[in-house]
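In the two complexes that follow, subunit A is the common piece, with subunit B as its partner first and subunit C second.
So, the complex of A and B:
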């Protein structure tokens, strides 16, 4: 009567994207930023965000040409059937690896901050089950939950940040721009990859109620997350200085332990912060699990997407347990960010856009 | 055709199949065969007019009727008054039936019916039937009038300021209570009957041009989805109409207040009145609607906004507080400020159980008290409260079985859960609380959030007749976020210009502010 289970509004996709991009990557970002350019970490985050906006623009421009199709369907159309299937498979594998690493990092973080005596397996399995519970319900419900979670997550985090500002020492952030230009470039590139959740937009477009107007919403959510990340980085490096920041596995968590919120009835903000982070990580894992289902459904042309979610769970779980420890997991994640995400964020959209222009396929937008 | 005893009188839909014949004697014998051993039936065969050649037969159920109407408007008219009618008119012979219908009975509500099933139903609903010799039609005279409780103050949703009328068990009283509040011909009262044997009257009440036709037809469709022998109360109908049987949350709101029902109708919702039930159903509904009390609109907005916030917080406390306490004290004592954890520890000194067992003991004890007290007559209920709440509570703490802090937490949780203005939602929250307790006891704060998340997922997936259950907090754009003005905060009345999401898209304006000097009040 009001809405079906598979169409979501632009606002909902904006909210979901913010939740997806603002997840565990943001917790380690100050460390990577400081590694590249020391006290200027925030600069490369700004540049990285700008690069991510370009990815977003590219993906939506491509999506607008095929407003009713996912990337898998139109790459079949553009580059023959086998290539389309290959693209679909690549997406499935990429999503499985991404969600597995995210799950592992999340499990380690929860274990470290909240449940030191609980086996990590229980944390991971419970999160996976919860994520697939929502995934099976459909996109619309994910959108609605996103609208709730964004309030639950952002309001407390922003409040905590306000109390963090007094501990920032300006001397830790000065002098600006002292590093080598190449470092800035490399750093920005890596930071831009933390927005890799953007690749789900390639599959999201046909689920939108107004696919042609997706552009501004997506840009808005990238910039929103970019601003949050920049603030986090400024506060973290400003509080610890870049040398100390590099030493921390979870610099943002350590920063939270230092903050003192006046008149708070909670002693350790990091545990509180962790509780809110559970929601964003849940959103990201849920997104990947859902899109594994959709990608497999579109690739193998099955009756429905949710048949694929249950069989995917053990695979995700096994991949998540492959790395030996949290450091190795982060190395894997770094490898994915450095060399693999670019394929999905830039190369595939560029090639498809080029071919689409060449073969004059898809709907051409008036403004282009 | 006289019906033999072996012949079936009812078809498979439990409707009477016996036809009405032209002969009065045959009709009487069939009718009396149907009502065999029904001791409450009153019947009489009598002649009409002076000549005594036209015979009639009257029947009704004792005490279900208004005796005065029968005696003054029917029997006196037909037996006595008709004698004064000039002979030429009385003996028109061609159509005595029409004569009696139009001139013989001094009451407005007279109908012709032609089926024995309708005859039986009319008698059983408190109407009077009149068989006349030589006609295969029966006159139905409305004479309903049975003893009833009368309109009293609703005991479940009392208000300080506002209407004190409550719905009663009588269907017709309830429709009147609504009709008195909305004098509009567009206010439709669509009457149906549900229940093969109970034949319960059901009224769908809605504003024709405000309610969504899709919702009305969906309700009619769902009412046709089942065949049940009897509907005893609206609560039973509520559950038969719901689709998500696996959810503890009510998808249909019930109320005992006519003003609440009337304002729901003005919002474009459909009200279902069920005979014999003082609770009417309001649908579709949202979680937000359960937090709106009727007093919110009769008091000033600032005060009521504050209480709305209190209610929402109470809902969170009712679900979360015991779980949060268990999670923090057993898994993350370092999160609690030092001074506070000392007083917690001091109060727990000597208590032999872990916190979770303590909480479960006290929660179950409280539920036991509630369950024991709720069905007892007032004075004994108070005794239970005093013995259970005060004496046992005190003794259990002094015996060191439970720490005082747990008593405080359980009491606060219980009070919070009753601050929600709807009882069925309260009970849903009580159930949810135990889920959170179990998860918090096993996985600490992480388990607590997993539980909250699982409940949110469940809530977002619910719909009540097509409306998202958590609207306007989710999918607010289907009504351009105007419903948020009446959610956690209650905005000033002059700002609530649009009807909520339940209403038709093209008829959402409910308030227009007029310029000074414009004619604003209807004069009589």
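So, the complex of A and C:
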């Protein structure tokens, strides 16, 4: 048995972030992108990724000032205790909603493509239980598993996408830049919110072995996922055309069905791809479950974080079953992306950073 | 404490018994009915669906008696209901994961809702691969599927294999699968085409294209236009162009083809200049003209004749496409998007009208590169 020291390397946080950001949001991203600006979807993904880099920069700049504290602890320091507790509570609620929606989308997708006869409850419960098992083991274990999973996830996905290139019709992507500027702005904003997993960095910083050097790793992981998303979007819209892309609920999934892998013995590679995708969903769900525990632990100052994980499971499960169907689930997710994520990605970090500068608290870094 | 560990062991053992039973709801391969081909027809106000599935024990050689192929038909309002009905009729579990071919009957395509409904079903249902081949027949799909072809594998397999391996047929080179058909239709307000197929004395032959307009059958692009159509779309590699010189028919096999289009606009009148450049081999002249044929002047003469023939055929096909069907089957819009952004922005909202009234100029250039082994 390894001892639990709960310190992870920068490489591990990079890998974990890539897995967290590259989850179910990537499966629907081409649709949202095409809804805003038709064939120019990839452009707003590029802009959206650039915006996400700004969020990442803000969050790490803030984190560097307090390298040994989570957002909950230093907001108590900066804005008085009750406000700190409120921030903690907000984070817990946000994480519960996010993980619940992610879990539900995962369940719907698996039921639709892989296990049509299995009750969705069973699919969701087994995922949740497995994820919480890992969460209870601590951050270091998650880091090590992430390093394993990233290879299993990315290699097959990239190989499959290479085979997708021949089906791309460039005329589906032409002519570029024909929409209204406002659509590009709105679209980029929404796309940038699909990187909302970045908010976990607000809590991650004290777990890093070199918290002051987190910046480049985090930027790198955002750009990596951004490039991947852009390529997927180019291929999807290039294959289907924007009209058909908008029609598909999971355009990337459907694209897997269209790809003809030469000399393949597999008839439906979408199901195969789905099983790789499950790993990223697993990484994301266990990240959120873990951070629910940590946030609750820091907010209520208990002995350890993992007391909170088991009690959280039924709540997550119930919230996940609240939406009536896939459509409603996605409407909820869209609502969260439009109006709520911004609070955690931009508003809270900005306010805290502002107050920290004003009150001259925290370690000031020369590089900032 | 000791008893605790004992209990733990017992509990784990019981859980194992529950979890390690394996495939308790498995379905054996021979208990499944793999539908290879689906034929869609209209029968009154119902759909008449014909299913072809191979008799697996016979096909795989495990059993020798019985037919190779089962053909069943069901009638229902929707394809989904028909599939359910089929499930009730058969002792086997219906499975569409290996479906290779879908054949649309003529009457089925003539209805304005049928195609939309069925394509939506395929699109929504994850059991169907999007690469299932789509074909149309100028008669009833049911009769087609009941036909026992002059071929060994079951009919659906036979056709999909033929379409896989023969890229030189003009219809085959422009074949569409269900996914492509859906994309084509949704990208152009319900306009598209499906490869046609027919029979000739127990043999299956390709038969032009079924042209779909507003999601229903607008007519048939005759088989004689299939060849020029494949040149216009630039997919005619391997096709053969023949021309008459001094009473001799000379076949020219196209080994390389490059179709390009140029666009210009003058007083709201679109002009499309299509240029087709090919390279190829002459497969046969006639014995006894060696003196003449092994000269570059003669080859030039043949090239000129081929060019005239090709231009004439293409012009006729374009005429039919423009005047009779009136929509952009040859993908000019896609090329315009890439070529000239300015013109495209002007015409894109009314592309159908612009294409209909466009002046289309065709220029062909054929280069004979090889003439075989003899003079």
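Assume the second predicted complex is superposed on the first by the 364 of 368 C-alpha atoms of A that agree within 3 Å, B and C clash if a C-alpha of one lies under 4 Å from a C-alpha of the other, contacts with A are read in each partner's own complex, and residues count from 1 in each chain.
Going forward, a contact is a pair of C-beta atoms (placed from the backbone, for glycine too) under 8 Å apart; a residue touches a chain by one contact, two chains touch by 3 or more.
Note that the structure is predicted; figures quoted are calculated from it, not measured.
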| item | value |
| --- | --- |
| First, second, both or neither for A:147, with subunit B first and subunit C second | first |
| Which superposed partner A:137 touches (first subunit B, second subunit C, both, neither) | first |
| Touched partner set for A:166, first subunit B, second subunit C, both or neither | neither |
| First, second, both or neither for A:115, with subunit B first and subunit C second | first |
| First, second, both or neither for A:181, with subunit B first and subunit C second | neither |
| Per-residue contact with subunit A, leading partner among subunit C and subunit B | B |
| Which superposed partner A:243 touches (first subunit B, second subunit C, both, neither) | second |
| Footprint overlap on subunit A, where subunit B in one structure and subunit C in the other make contact | 267-268 |
| Of subunit A, residues touching subunit C in the complex | 112-113, 117, 169-172, 174-175, 178, 239-241, 243-244, 247-248, 254, 257-258, 260, 267-268, 270 |
| Contact set on subunit C toward subunit A in their complex | 25, 97-98, 123, 126, 129-131, 179, 182-183, 186-187, 331, 333-335, 337-338, 341, 344-345 |
| Sites on subunit B touched by subunit A in the complex | 212, 214-215, 218, 331-332, 334-338, 340, 443-450, 453-454, 456-457, 460-461, 465-468, 470, 473-478, 501 |
| Touch list for subunit A against partner subunit B, complex | 1-3, 9, 11-12, 110, 114-115, 118, 122-123, 126-127, 130, 133-134, 137, 141, 143-145, 147-149, 265-268, 271-272, 274-275, 278-279, 282 |
